[in-house]
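Note that chain A is present in both complexes that follow, paired respectively with chain B and with chain C.
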Partner chain A sequence: MTASQSLDVSGIVRAFGPARALDDFSLSVAPGEFVSILGPSGCGKSTLLRVVAGLEDADAGTIRIGDRSVRGLRPKDRQIAFVFQSYALYPHMTCRQNLAAPLVMRELSPFGRNRLVGRLVPGSGAVRRAIAERVERTAALLGIEALLDRRPSQLSGGQRQRVALGRALIREPRLFLLDEPLANLDAALRNRTRGELHDLQRRLGTTTLFVTHDQAEAMAISDRVVVMFAGRVRQIGTPDDLYRNPVDLDVARFLSQPHLNAVGAALIANTLPSLRVRGTPVARAGGVVAFRPEHARVMEAGRGLPFTVRRAEHAGSDAHLFVALRDGTRCVARIPSETIADWPRGRHGILAFDPEAAWIFPAPEGDAGHAPHLSVVA
Partner chain B sequence: MSRRLASALGNLLLIAAAVATVLPFVYMIAVSLAAQGTVYEGSLLPSPSLSAARDNYAFALTQVPLLRYMLNGAVVCGAILVLQVLIAAPAGYALAKLPFFGRPVLFAAVVLGLMIPMQVPAIPLYVAIAHLGLLNSYTALVAPFVVSVFGIFLFRQFFASYPDEVLDAARLDGFSEFAIVWRLMLPAAWPAVAAFATISVIAHWNDLYWPLVVVTRADMMTPPLGLAAFRASGESVGNVGALMAGGVMVTAPLVVGFVFAQRHLIRGLTLAAGK
Partner chain C sequence: MPPTCRWSPDVATASLPAGGLAALRGDDATGGRSRRRAGLALAAPAAALMLVLLFAPSSLVLALSLTDYQFGMPGMAWVGLDNYAAMLADPNIRRSLANTFLYVAVVAPASIFLALLLALLIEAQGRLRGLFRAVFFLPVTATLVAMATAWEVLLHPTFGLVNALLSMLGFEKVRFLSDPDVALWSLAVIGVWKLVGYNILLFVAGLATIPRDLYEAAAVDGADDGWGRFTLVTWPMLGPVTLFVAVVTLIRSFSEFETVAVLTLGGPNNATAMILYTLYEQAFRFFDIGLASALAVAFLGFVAGVSILKVWFFDGRVHYV
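Right after this comes the complex of A and B.
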């Protein structure tokens, strides 16, 4: 295997008309690192991969793989493997031919590739045998030996995904670019494949950029996660880092799916004037106080925010209780599911949260922090 | 009841049209099998006779170089088809998948080209070929047709629906743009290729107009021109049977080919139309 390579992306701009899909995007990835690019759809994460691969040109900025700039290098000369969301297998070729394609196109001359005259080209027999051997080895690595003579249309989604992965890693690239490769799999298969992908990357040690809009996926398998909004890096960190210390409300919301509670600091200061959130007195803070459902608890009486129950959702061992505060702000608390019967619709109670697991953020533009989180709309 | 009546009427109409189309062919075959004298005796279809049939076909094959005409036809049609695909497939790919300056204008020009009949550029083409001293050559018969706007249009429509991500994957895997055309697009578009091949071969095998313009020597004649020359030469005067035997032999390869290609032809055209 080729030695792992670092990837340095700096100051990339890619504009489509007036819209900037990538706006001064910079990122450094260490050799062998697995980095996820996490962001909502349309934030430019796929464009980033396409620019790194050379499928699109950046308007500004530099990309270095290892110590070399890839400026002016065509996609095939960058030694990058790309796995597409749709897998992009060659539909009229068998899986064996799909796996062999990158090697055939690189290592055989145009005449050597030809089925009729190929035998006459000196040396192509040995190359062909070597390619066949590598196809077998890669197929064995992914457990797809039995599928080699089928066409993509005869495979399930999970099998196609494996073949696409095989085609990517067969030529031992310097860099893996994965564009939502798990998005088209069903939930159970996605979780399993996610783990296998992680193991595989660890074993091969190939530097990997993994694009996803699924925060659970990114958190589960990444060394570091890049949170991206509107073409810009908002925060880079380890999964744990991002989970505990989001830089702003957007990041906190994105990493707290499905729910994040955001309550106006003023409302909290009204009921709990002496409360400190990580040392900062709420009474003197503006903006919103954000906390996760797992750090909230509900009581029949006590010190906290009065609420009215809107509804409850059962989620196995836990349940989510959707409530409305006095000013209409909607919040969610995680409660043990066996207590779900205690909280019928319309019941009043008190909401409390752990101030050491909460954050104070500036109110998002255009609202004073009273607007409920979108995904909490009950 | 009225729906049944309508469908019966429709079928009747179709049957009438089919009969009207097939009848000349049936008559051609019947005459080619009948003796000289019986053709004008007044019965709708002259009665066949084995010895007359043998005479007619032997006469057509020996009095004019019919096999030579058919060989010319095969060479010309084959060369036209191969060159047309060699040019139309990359052109259709570029128009469908490669963004470049002026592409919409170029595509509009292709569509416009579909509406220009062969007769319009015929005179300048003739003059050019005559000046080059290429009259009575395969080049004269083939060259004007190697760029097929219909082929470009058909391939463009077919290629347009090919998934872009597969093309990106191919570029990363080391395919050149031409390798993409020959190794990915064309194999995926084989119904279109089959449909185009059928249409092209039929059109050029049957073409009388252009060979009439550029060919006068018997050894360069294509089948329809050869038959026309046969009819005009006086060899066939009174020998309708031999003329029809020539017609049967010239038509047969196309009919046989069409019977085999029919399913692909229809699939290719409906797929292209559906997109």
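Right after this comes the complex of A and C.
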């Protein structure tokens, strides 16, 4: 196995017309690290992977894999493997041929590849046998031996995903680039597969960049997560870092799906003048106070923000209670699902939250923090 | 690669809930019957049309080919396979059949490969793509009789443009349409010109449906030169289109009629007679309906043969499903 390599990306710009898909993007990945790129659809995640792979040229910036710059290297010479969201398996080939393709293309000459002429090329028989053996080994690694003689169209989504992964790792690359490899699987399979993917990466020890728009996926399997918006890095950190200390409201929202509460600091200061959020007096802070539904409580009476119930959503053991504060700001609190009946529509109550689990952020642009807004991430 | 890391194989066999598909298909007894009735009702108009427009005339032709029916004659009699024997014995008709096969053997491959080559070139270059598509598609949209006349002017032995060019370059003039050794080849060139535009259009459409991902996967896998991309992705992915193009081109070149009728009338000395033109002559000049019908049956047999060959032999191989 080739040693895994570090990846250094610095100052990458990639513009499509006037729009910048990547805008001064920098990232360092240690050898063997599993790093997720997390961001909403269209924020430039795929473009980043494609630039690293050499499928797309950067307008500016440098990329180093290991200790050498890959400037000018073609994708096949970068010792990377790419798993496409669509898997991009060759539909006319069996899985065996798909797995073998990267080896065949590299190790056999154009004549040696041909089934008829190939026999005449000296040495190609031995190469072919070596390739066949590596295909078997890789298939065994992924548990897809039984599928080897089928075409991609005869496989389920999960099976195709494995074959695509096999085609990526058969070459023993120094860097895995995975572009939403689980996005086309159903929910149950996705959860199982992500765990297995993580195990596999741990055993192979190959440096991995994993793109996803699903925060749960990124949090579950990454050493570090890069949150990006509109082509820029917003925050890099371990899943725990990001969850506990998001740098701004966007990141907090993105990592608090499905809901994050954001209430104008002024409104809170009106009702709770002496409240401190992590030591900062709300009365002197501007912007918004953000907290998660699981850190909010609802009561019949007490100290807190008065609200009116709008509706409740059952979510198994918990339920989400959607309420409107006095100025119309919408909030969500997590309540035990047995207590749903206590909170019918129109009922009044008091919302309290844990100030040590809340954050004060500058108000989002074009929003003074007072306007009622729905703090639900799309 | 460490040897002992296995993914649990049951993930690979996740499947749809049982029963879901059966319900979708409407397999239960009562649903099945009413669905079948609806299906029949929906298929009936098309089936009736096919019967009236396709099977009835074909059967009539088949029947006529076994008679000595002559246009305008009072009676007719069964003659069995006499017409077919006459067809194979008549040197003119044999010449015509041989011409047809030679023409197909030249025109079909040439127009397919030329179209593929041009389609690849058109797609490979950027800005003039629209213009090239329009230019090559022109023969498809233009009226062929008018176009054939234009060719006649181009190829005219004394004042044609091509001959003017030839004599300017110091070559002898060629009687493109009246020299028995050249005429069929001239028609073949016109035939290729006529078919290539439509084929280009189909290939261009086929190229547009190849997912970009596949080329990128190929580039990562090591196929990033033109030949590698072509053999690993383009050619196999064009399989269904190529098959369709081949079938359509075979049938269309086999049914060549207009250029013969407008430019050569089958001459000189039957050198350019082809099956449809001979059929037309037998039926409408010599009024020998029986013989013409035998030719028509041979023609239908060829067309049906090509179509059946496509369905039985190739469909499963090139569609990858």
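The rule we apply is simple: the second predicted complex is superposed on the first by the 369 of 378 C-alpha atoms of A that agree within 3 Å, B and C clash if a C-alpha of one lies under 4 Å from a C-alpha of the other, contacts with A are read in each partner's own complex, and residues count from 1 in each chain.
In the analysis below, a residue touches a chain if its C-beta (ideal position, glycine included) is under 8 Å from a C-beta of that chain, and two chains touch if they have at least 3 such contacts.
Bear in mind that the values here come from a model prediction, so they are computed numbers and not experimental data.
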- [ ] Following the overlay on chain A, give me a clash-or-fit verdict for chain B and chain C.
- [x] clash
Open item on the list: With both structures fitted on chain A, tell me whether chain B or chain C touches more of chain A's residues.
Closed with: C
TODO: State whether A:R137 touches chain B only (first), chain C only (second), both chains, or neither.
DONE: second
TODO: Name the contact category of A:H92: first (chain B only), second (chain C only), both, or neither.
DONE: both
- [ ] Check the residue A:I236 against both partner chains and state whether it touches chain B (first), chain C (second), both, or neither.
- [x] neither
Open item on the list: Contact-wise, after the overlay, does A:A58 reach chain B, chain C, both or neither (first, second, both, neither)?
Closed with: neither
TODO: Check whether A:I12 is in contact with chain B, with chain C, with both or with neither, and answer first, second, both or neither.
DONE: neither
TODO: Identify the partner contact of A:V35: answer first if only chain B is touched, second if only chain C is, both if each is, neither if none is.
DONE: neither
Open item on the list: In the overlaid three-chain picture, which partner chain does A:R106 touch, first (chain B) or second (chain C), both, or neither?
Closed with: both
Task: Overlap of the chain B and chain C footprints on chain A, listed as residue numbers - done: 50, 53, 55, 74-76, 80-82, 84, 86, 88-92, 101-102, 105-106, 110, 167
Task: Residue numbers on chain A that touch chain B, as the complex places them - done: 50, 53, 55, 74-76, 80-82, 84-86, 88-92, 101-102, 105-106, 110, 167
- [ ] State the interface residues of chain C toward chain A in the complex, per the touch definition above.
- [x] 1-3, 5-9, 11-15, 211, 213-214, 216-224, 227-228, 231-233, 236-237, 239, 320-321
Task: Partner chain C, residues of chain A touching it in the complex - done: 1, 50, 53, 55, 74-76, 80-82, 84, 86, 88-93, 101-102, 105-106, 110, 113, 137-138, 140-144, 146-147, 151-153, 156, 158-159, 162, 167, 169, 172, 186, 188-189, 192-193, 196, 199-200, 203-204
Task: Interface residues, chain B side, partner chain A - complex - done: 163, 165-166, 168-175, 179, 184, 187-188
